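These notes open a run of structures that come right after.
Two complexes, one shared chain (chain A), two partners (chain B, chain C).
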Partner chain A sequence: MWSKLVVNMDNLSISRVALEEEFQDLGGRSLIAQYLIKNVPPTCDPLGEENVLLFATGIFAGTRFATANRLSVGSKSPLTGGIKESNVGGYAATLLAEHGIKLITISGLPKDDNLRILYIDKNGNANLLDANEYKGINNYEFVEKIHERFGKDLATISIGSAGERLYKCSSIQVSEYNSGHPSRAAGRGGLGAVMGSKGIKGIVIEKPEEKYEIPYKDKEKFEEICLKLNRMIAESAKKDPFHNIGTISTIEVTAPNGILPVANFSGKLFKDYKKVGANKFMENLKTRGGRNKIPCQPGCIVQCSNCYNDENGNYLTSGFEYETIAMFGPNCLISDLDAIAKMDRICDDIGVDTIETANAIAMCMEAGKINWSDADAVLNLLNEMAEGTEFGRLLGQGCEAVGKSLGVERIPVVKHQAMAAYDPRNTKGTGITYATSPMGADHTAGLTMGRAFDDSGRTAQAYASNKLQVAIAFADSMMCIMTFANMVPGVPLLAEMMAALYGGSSDFSRVASIGVKTLLTEREFNRRAGMTDADDRLPDFFYKERSFATGSKFDIHDMELRTIFDF
Partner chain B sequence: MITSYEQFVPIVMGCGSMLRTGLKVRELGCKKVLVTHGKNLKKTGYVDILVENLESAGIKAVCFDGVQPDPPDTMVEEAAEFARKEKIDGIVAIGGGSSMDTAKAINVLINNEPPIIQYLGVQKNLNPGVPLICIPTTSGTGSEVTTMTVITCTSLNKKDSVLSPVCLPTLAILDPELTLGLSPRMTAITALDALAHAVESLTGGQANPLSDALAREAIRLIAKWLPVAYNDGSNIKARENLMYASTFAGMAFTNALVHIGHSIAHVLGAQFDIPHGMACAIAMPEVIEYAAKTETEKVKMICECFGIEIDENADYEIIGATAKKTLRTFIKSVGIPNLKELGISLEDTLNIAPLVTQDSGFAIAPYRITASKVAEMLKSAYDA
Partner chain C sequence: MVRVNEREIEYKKGMTVADAIREAGQSIDKMTIVMVDGIVLSLDEIKYVIVEDGAFIKLLPLISGG
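Here is the complex of A and B:
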């Protein structure tokens, strides 16, 4: 039986108990939604003692299913004020599953200012260790020190100085498989601040001596279906640009069509996009000894991660993604890929969400605090965040706080969370997802690009957003969405795999209902937290301003947004 | 809102225009064409006239007379094999929707490998076919101007469509005289199919000013001339106007698409074997009432096309209720029975609601509705 590690920071107690029966066959996002609605008051202070920070592994955790070992982090978000599930790759979930742990709950607040590490040793014993020596240091240094102290056969989950300072854009960084770099981010929603509020600097998980035996209902059947799906994924991934290049390949589609945000979602095209495009990226990898096709977790076949070196061939960053490049690049009119890689490195190191941070930087440009295209000025501002200057701390509160403080009118947020790298006027279904996702403006919740008749048109956009939001809600409960995208014809087999693992129905409605129930639970949490229909809308300027690239506005009828989750 | 109108088929129209076929096909450079038609049409003598007309223009014609209603994939694959063997360089379809859809499916398979089932859905990269000329003998489907062909997949036991430029006819020839022999029932059923195309494309998410103009004119013509043709099948002016109305509606919907009314019709057709046009009409009033919430101005236009004055201050509820009442009165006036009169139980009717929400047309609904709301619509239509 899967177990739950219960950490109470009020009295610094830890207990390991069996996971509740009702949660046994859930995982990831679905487990987080059900746990939070039952255990956390939606109106609580996200950084107060009533909030709980959760780490959950997926429905197929511990099995051989590709990317089954993704980690979901959940809590009430300090940024959105609503429910938050942010999922991340890396090595941690693999080791948690090998320990037989499906859920870690961290509740309460410590009575002192001490920092602690939650340490799970190779025998599965969990302890809170003093971590004051790591106070104020950032993720890369933290991981280095942990490796020096405990060796390398482990995974880390950590916050940098941003999380300690309770920045609302702070991330939780997870170490990558093999390299150990803390470059995988549970970025969105400021969950690093929740971890910081609980005085947890990091979670260190040693590889267990004995692996947890998964109680399959029918192991043979499971392995048979799993192999079939893994083969399908491997075959499809061969043609997937995310495998062959990386997520930066997305820019080749978004830039020519006005989907790529340029100059704070001005709607213009960016003629220099190739300077930060796929070819430039690949050329830099090749000439500097960098790499792509890196799995961030064991067993991943899509392998969209990478290792990006500077011009001297020294390691700079990894997990260098489209969103980061687009938002620090074209959305700030910057076309220097190396400068953007440095920004990515700083963000990973201090532990902040690149999307939220880059949008906050664009607010500074829109307000004239720094000039458009000025990469050095951006690096200076990021250093202010690292140093915790007064303005650095404001940046740490995210795009909306910065925009409001500087008097900016065009602030691209939904539910106080900044938009990712898709202009909602030119992929309107994604705009509908931004507006209605319980997570706030989140592209991973249902990116419809290329899935409706015309990305800039209205037809079938709400339908595509609805279908994808449901699909992603169950995919987020069981795998990485990059893998999911490569196994769409095999989706019905997920139900058969659940039946072989847990017993019960093998009908696809079992899987679909996980998606629907998760979304409705998340919406209910947000409703109880005080959100209304008005929170399910885009900022005014997308309704009023035309995208210069296409002439399009976000002209989706409110009724389409209001009825999106009518099931 | 930015919209587009992209599909356009050249049209020759007017009484007797079928006799232009030979010249037009020769202009298109064809030497040997396949004529598709159903067995019943042969009895009217029109097929013989067409073949003679083609041959007099120096064009060889071979016939495929095996067109079946709701064209099965097996039948179109057999016809395509015949077409390839005969090395034809053009296709002339004469008949209703089935004959034209068969010709379109053959055209898909002329330069693309069978089975047809692999091309269901939107296809942007099929190899082009040969010139395709459509001559409708009913005033309903509008297939002579659309990019789609509806095929029955025998292995899956369901109807689905191929949407492709290969399905778009090269030329449509509208000869209203060919519809003079239609019974009042067939006249009503086919015209209501056209009316459904018009009202749904007007209220759909892809509507545009040009498709709106075509849809409005189609509604006006059907409102005025269907009752005339229904009562007097020999009235050539009524036949003429209905034929143009169905083509206008076809042009509207191949650009603007249809939505929930057709989703309901597809399921009613499949579950209870109700003819397509009749199935489209059964819940049309409820569907348009539903659409009034977001497409208020468009539903107001529908009322106005039926000659109903709408108060300037009327809200969507009044407009929706007026449209519902107007459409229902019209549909009943041309002898269309409701589901109760068709002998279907209320329970069976309500049970189809979840299937309706799974139809592909549901994707393009003006706004999302639940299966239980669809059931409410069906309940309202059941004995209305």
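Here is the complex of A and C:
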């Protein structure tokens, strides 16, 4: 049976027990939703002793299914005040699955100010080690020191100084497969602050000496379906821009169609987008010894990650993605790709969400605190976050806190969380997802900007958002959504694969119901936490201001938003 | 010869990228990223950029956002 590692920070105890029967065939986001609603009071203080921090592997963890070893991090969010699941690639979930651990729960609060590491050794023994020597250091240095102390045959999950300072935009960084760089982020919702509140600087997982034997119901059948799906993904990935270039390719579609946010979601077009676009990115990789087509976790076929070097050919950052480039770039009117890469590196290092942080910086520009396009000023502000100055700490509280403090009226947040790099006036289904997702303004919860949907009008956009939110809720429980996008025709086979792994029904309704139940559970958690219909709405300016690019406003009625989850 | 994804078509002097795509029987829309010998071209550019003999045109449909 899969096991659960129970860590109680009240008395610094650890126990390893069998995962409850009801959770055995869940994983990732679905497991987090069910666990949190049963074990965490929705009205609790996110940084208090009643909140629990969860790390969950996926439904197909430990198998050969592509990107089965994604890691979901969950808790009540200090940023949104609601439920939060933030998932991430990297190497950690692979090793947890090889140890037979499906869930880690970290509850309570330590009675002292000491920092600790949760250390899982090669035999699966878990201990809390003193980590005060790592106090105040950031993720890259932390990983370097861990490698010096324990070797490199391990994975790390860590927080930087931002998480220690309980910034609401703080991330949890996971080390990348092979390189070990802490560049994979469970970025959204401030979960790094929850980890910081529990005094956990990092989780270190050694590669196990003996791999956990997965108890397949029908291993032969599972392998047969798995191979079929992996082949389908590989074939589709050949034409996937994320495989051929990287996620930066998204800008080639969003920029000319008015979807790319420019100057704090002004609705304008950014004529210099090619300076931060796919060709510039690929040229810099090629001339400086960087790389694309990197798998951030073992077994990934899409391989959308990359390694980006500076002008001298030295490593600068990896996992350099569209969201970061768009939000620090065009949304701040910055067209210097190297400067944006430096911003990404600082964010990964101190451990903050690039989307939330870049939006907070855009608030500073909107308020006139710094000038639009001023990359040096942005780097200075990020350094203030790293140093923990008074204003740096305000930035750490996220876009809404900064916007309100500086008197900005156009604050692009839903459920207190900043929007990702899609203007909802020109991809209205995505706007509906931003408004109604239990996660807040999260593009990964159901991005409708795709070939199957016409984003120029409003017809059927609620339908598109609904279907995608359900699909993503089960995909987040099983795989990376970049893989999911490449296997849509094979979705019915997921149920057959579940049956071959766990037994039970092979009907697709089993998979679909995981998505529906997860969403409804998350919404119920938020309702109990005090959220209402008023929280399922975009900021007013998207309803009032037209996009210069298309003339479109966000014209989805509140009634349509209210009924989206009437299944 | 000009290659458009898996299809090879005869090279014709002066043909544009858009001509080659049409000749290969492929269709594109605003979600398609067109890459010619490793360089991304906008949907406007493909109308006037001339293809060279031996070019490899990749049509990459964006199926999700990054």
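Assume the second predicted complex is superposed on the first by the 562 of 567 C-alpha atoms of A that agree within 3 Å, B and C clash if a C-alpha of one lies under 4 Å from a C-alpha of the other, contacts with A are read in each partner's own complex, and residues count from 1 in each chain.
Here is the rule we use: a contact is a pair of C-beta atoms (placed from the backbone, for glycine too) under 8 Å apart; a residue touches a chain by one contact, two chains touch by 3 or more.
What you are looking at is a predicted structure, and each value in this text was computed from that prediction instead of being measured.
**Student:** After superposition on the shared chain, which partner residues are touched by A:559: those of chain B (first), chain C (second), both, or neither?
**Tutor:** Only chain B is touched by A:559; chain C is not.
**Student:** If you stack the two complexes on chain A, which partner ends up touching A:481: first (chain B), second (chain C), both, or neither?
**Tutor:** second
**Student:** Going by the contact rule set out at the top, does A:249 touch chain B (first), chain C (second), both, or neither?
**Tutor:** second
**Student:** Contact-wise, after the overlay, does A:151 reach chain B, chain C, both or neither (first, second, both, neither)?
**Tutor:** neither
**Student:** Using the touch criterion from the header, give the chain among chain B and chain C with more contacted residues in chain A.
**Tutor:** Comparing chain B with chain C, the partner touching more chain A residues is C.
**Student:** With the two complexes superposed on chain A, say which partner A:447 touches: chain B (first), chain C (second), both, or neither.
**Tutor:** Touch status of A:447: second partner only.
**Student:** Which chain A residues lie in the overlap of the chain B contact set and the chain C contact set?
**Tutor:** none
**Student:** For chain A, which residues are in contact with chain C within the complex?
**Tutor:** Those residues of chain A that touch chain C are 236, 239-242, 244-250, 252-254, 256-257, 277-279, 282, 304, 321-323, 421-422, 430, 443, 447, 449-451, 481-482, 485-486.
**Student:** Quick check on the complex: what are the chain C residues that touch chain A?
**Tutor:** 5, 29-31, 33, 35, 38-40, 42-43, 58-66
**Student:** Sort out for me which residues of chain A touch chain B in the complex.
**Tutor:** 453-454, 456-464, 466, 550-553, 555, 557, 559-560, 562-564, 566-567
**Student:** Chain A touches which residues of chain B in the complex?
**Tutor:** 1-4, 204-206, 257, 293-294, 362-370, 373
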